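After this come two complexes, each holding subunit A, first together with subunit B and then together with subunit C.
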Partner chain A sequence: MSEKAWQRRLILALLLAPALLWLFALILLPHVQLAVLALRERVAPHVFQPSVDQFKTFFAEPLYWQVFVRTALMSIAATALTLVVAFPIAWVITKVARGRASALLFMVCLIPFWVSETVRALGWLILLRESGVLPAILVKLGLTDVPPELLYHDATILVGLVYTSLLFMVTPLVSSLESLDNSLIEAAYDLGAGGFATLRKIVIPHAAPGITAGCIVVFMLSLGNYLTPNLLGGKNSQWFTELIYTQFIVRFNWEQGAAFGFLLLGLSTAIVALGLRLSGQRFVDVMRRS
Partner chain B sequence: MIASLPRPAWLRTATVLYVTAFLIFLFVPLVVVGVFAFNDANYPAPPWRGFTLDWFIGSRATGRTGLFHDPDLLGSIWTSVTVAAWVTLLSVTVGTANSFLMERYKFPGKQVLSVLMLTPLVIPGVILGISILSFSSRVAELADDVLGLDLEFLRPGLPLVVLGQFSYIATIATLMISARLKRFDITLEEAALNLGASHFAVLRTITLPYLRPALIGSAAISFLMSFENFNTTLMLVGSDSPLTVMMYGRMREGASPVLNAVSLFLMLASAGLALTLMRGSSPRAK
Partner chain C sequence: MRAVNLSNPPDLSCNSVVKDFAGHRAVNDLSFTVQRGSFFSILGPSGCGKTTLLRMIAGFIEPDSGDIVIGGRSMSGVAPNRRPVNMVFQQLALFPMMSVGENVAFGLARRGVPKAERMSRAAAMLERVGLEGAGSKRVDQLSGGQRQRVAIARSMVLEPTLLLLDEPLGALDLKLREHMKIELKQLQAAFGTTFVYITHDQSEALVLSDHVAVMNQGHFEQVGTPQQLYYEPATAFVAGFVGASNRIFGQLKSLYGDIAELETSDGWKVRARKSGQMAVGAHVEAFVRPEAATLERDASLLPSDQAHYVGKVRALLFDGANSAVLLQEDLTRFEFRVALPQTGRFADLKVGEKIYFSFDPQRATCFCGPGGPHV
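Up next, the complex of A and B:
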């Protein structure tokens, strides 16, 4: 082999090393270890045997699977809400506002993303809690006599989740609507289609890749969120990530926590796969887009 | 705007109202956080009791410990900065190597590797945290049993936090740098090589300067994402808390306006970072 080819091989090896180290040591092997934990049981100190007990516990204990289902449903609701809230804004950015105004609006939409989620949650706490700003305004307007407690409801959690997720929906929607040729919309109108028919037959099919990408990301982020449900929902939040935290860090029952982790990962992966299947897209393309 | 479409007045009004409501929804929580950093009360809640800087500069003598006299908070900011600096360094370095690997080389298993590189983005942060926690403690156990070594850095603590955050931020850096490298005109490198430049000189004088905006952009995003990370950090943190974890703990205990002060400080820092970035490169980094 020539010297040049050797050199090229050496560089290839040097470039491969960090990638492989990263993916094996921090992604693959840790998940293998997590699987080992999830599928074993302690029979004596330092003695383990394979078992599916942790998964049996999950199904046998109503609290566990109810929280799991609840987390999934709430995340789906949050995703749908985010889409409904974000779509008109993406439409305004791409099709209504012009030039500078459009760019400015888009930039403004991205700003809260630069602020830590902790800070955003703090803002909602100050706004919504019993002694907070919004209840005080409601009392002042004479709508209620006593300040209502607006925290610790499911709706509060949804508001928080939509708020944190908006940016991840607006961005893919904007990029998919940008590529929609205006003359198609005009043509639909000229041929007599109403606003709704145009939306259903022209706009949504064209924006489908963006919608899917946004929904997948928002669903995943909601499902895996800990901070927002925990702070805005308080003791009522019952989010699945909280169960994982409790098992791992509070009770030190890693086997059970690992099993919960796999259930969450399984759900997240299943929904991603479903979303891709429904819209007929490839994972790689979706991730690049978002 | 699509000129030929009918735009009745009600639609125009509805659009303006919706955008206004949206912007209020977006900014009220942030404004409220900022405003109550200056309220002269012991609790960040209405009514407004007058302007004060106590929550920034107050010391024990005034009865209110402000941000600049709160060693725990200041310490946690420093912890976050240190962690973020390491994460940024690692992510940008590995991201650059990955970009060259994926854009310039062909090798068996490349397709698998490219999918694998994206997976960290679809794994919830909490799971990244617990998987790395359990794997590292397994490795520490093995090192102890087999070699009799006590590997302190594999116990929950800042080194693990750095690795945990790096595990998915590396993907983001890789995507950002690859996107720019993909658009690079390879004939520029060939021309330089033809003119007698060494490979290293080409890399240093042509390719890297071209990548500069992506390197700076990905460094800023990496730093920010590390600084703001909560989920993965929570699972891996030891006795030194980064800022987000420290703030979370204090928010659960009960709010004090000093948290508003530190939040305002964070917002200003992020805004500064965002503005420098926008001035430095094209507005849409991602």
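Up next, the complex of A and C:
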């Protein structure tokens, strides 16, 4: 191989080094460690042997797998809701508002993210708790006699999750709708399509990679979220990340926690793969085009 | 040119249509009719309001006042997807997420035509525009000219009363544009559908149309056949916009029947047929077509009933059949363009050479006052 080619390879390697180091040190290494943890069993102090007991426990204990399924379903619901809420927002930003108004609207979506997630979740507490703002308004309006407790419901968790992940759905949608030529919409309209047919036949197929990318990100954020379900759902939240936390921090059962971690990883991978399959998209295309 | 039967009911008529945009009047009190089966062009510079007018006919914008009647039915309050009108967009706007066949069948599907029938109708339409068997191709596999035909097929399959075309040849290169002009005209003749075509390219408008409306600042300067626009321009704008012209400003000195004699500020006297009323002493402008002038090396060979001028060759503008020579009139240094005869005579002209020229005043037109902005 010529010297020049070697030089080029060296430069490429150096440029990639930080990313590879990051992948290795923060993703691969801990997962290897977790894999070791998940697949061993403590038989005596400081004595371990290989075992799949942790995974057996997961399936044997109804609470565990029920929380697991519930987390998956709630995350899917949160993703779908986020899409439904974000799509009109992205539409207004790209196709209705013009110039400054469009930039301003996008800013409005961004601003809540200047505040930490904890503070935002606490904001929801102030609004929704029994003695909070919204129940007080409901009483004032005469809709209820006593202030209702709006916290600690599944719906509350969903509201929190949608709010938290909205920007991550709006951004890829905006970028994919921006590239949609307005004359295509007009042409569809001109050829006799109504609003719904245009949406179904022109807009959604065009925005599909953006929709898929947004859904993947929002789904993963929701599934792996700990703070929002915990604060807004309280003791009823039953989020799988809480089980992992409990195993690691409360019970010191790192082996069980590691096994749960792998199950969650498997779950998110499986559901994303299924979603791509159902929407007929390829992961590489989605990541490239959005 | 095909004769248009005037007893046909008009397919399109606009009655006092007005549209304002933020204080700017884009379309100013326009009224006109387009006969069934004719090819009607709206020709004008960019910003003249032609696109606004077309979009009002298509239904994308509502006129502020006035009425648009298509096929005898008022279109007031009728949405674009309910109008018997289809449009070929400037960038064609073919749907990239669909095959060519699906593009053509799109409108039929919206009308609830069953799948088997719409696919066969789409295939038949593709065959008519010379794209047999292209139905399963992707849009990006087609050439520019083929896409053009798909865009027309997509609209024509719906059998609209009116087909609107928004400068569809603008994006094509010159060679293909010339080819598509002929093809468009043939397609229109074959379908017999009324075409309303907007363009800023006078050659497209003249070649394609039965009737052309020249539009300027929101109103029509003149509506007529291409020949009328070219040989009998009604306004200074039309004379300047359609075809090449020598434009001579001056003051009206005297009138001999319908012939006006004007004098430029440098004292050059020329004669032209007057258009409209004008009084001696008024500021006027005359338009002389380059091909209306005759060149001779020997002044005695020029028509004796025309004023003779002498000029020096400034530049030779060779462009095949459209070749011309740029002369400088001796007396006033006025630059005058004369078309070279296609016989190849004067092919040996040299820059700096002295030559005599004259033109028939009947083939030049004189208008009152300097007109609007010219291109």
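To be clear about the criterion, the second predicted complex is superposed on the first by the 252 of 290 C-alpha atoms of A that agree within 3 Å, B and C clash if a C-alpha of one lies under 4 Å from a C-alpha of the other, contacts with A are read in each partner's own complex, and residues count from 1 in each chain.
Just so it is clear, contacts are C-beta pairs under 8 Å (C-beta built on N, C-alpha and C of every residue); 3 or more make two chains touch, one makes a residue touch a chain.
Fair warning: this is a prediction, and the values are worked out from it, not measured in the lab.
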- Message: For the overlaid complexes, name the partner, subunit B or subunit C, with more touching residues on subunit A.
- Response: B
- Task: Kindly classify A:G275 by the partners it touches after superposition: subunit B alone (first), subunit C alone (second), both, or neither?
- Result: neither
- Query: After lining up the shared chain so the two structures overlap, which partner does A:A197 touch, if you call subunit B first and subunit C second: first, second, both or neither?
  - Reply: second
- Message: For A:E186, using the defined touch cut-off, is the partner it touches subunit B, subunit C, both, or neither? Pick first, second, both or neither.
- Response: both
- Task: Quick one: classify A:S131 as touching subunit B (first), subunit C (second), both or neither.
- Result: first
- Query: Between subunit B (first) and subunit C (second), which does A:H206 come into contact with in this model arrangement: first, second, both, or neither?
  - Reply: second
- Task: Considering only the touch criterion stated at the top, classify A:P172 as touching first (subunit B), second (subunit C), both, or neither.
- Result: neither
- Query: Which residues of subunit A are in contact with subunit B in one complex and with subunit C in the other?
  - Reply: 186, 189-190
- Mind listing the subunit A positions that touch subunit B in their complex? 12, 14-16, 18-19, 22-23, 26-34, 37, 85, 88-89, 92, 95-98, 103, 105, 107-109, 111-112, 114-127, 129, 131-133, 136, 163, 166, 171, 182, 185-186, 189-190, 220, 223-227, 231, 241, 244-245, 248-249, 254, 257-258, 261, 264-265, 268-269, 272, 283-284, 287-288
- Residue ranges of subunit B in contact with subunit A within the complex: 1-2, 4-6, 15, 18-19, 22-23, 25-30, 32-33, 36, 43-47, 93-94, 97-98, 100-101, 105, 107, 113-128, 130-136, 138, 163-164, 166-167, 170, 175, 224, 227-228, 230-231, 234-235, 243-244, 247-248, 251-252, 255, 259-260, 263, 266-267, 270-271, 273-274, 278, 283, 286
- Message: If we count contacts the way the header does, which residues on subunit C are in touch with subunit A in the complex?
- Response: 58, 60, 79-82, 85-87, 89-91, 93-98, 106-107, 110-111, 154-155, 158
- Contacts from subunit A onto subunit C in the complex sit at residues 181, 183-184, 186-194, 197, 201-202, 205-206
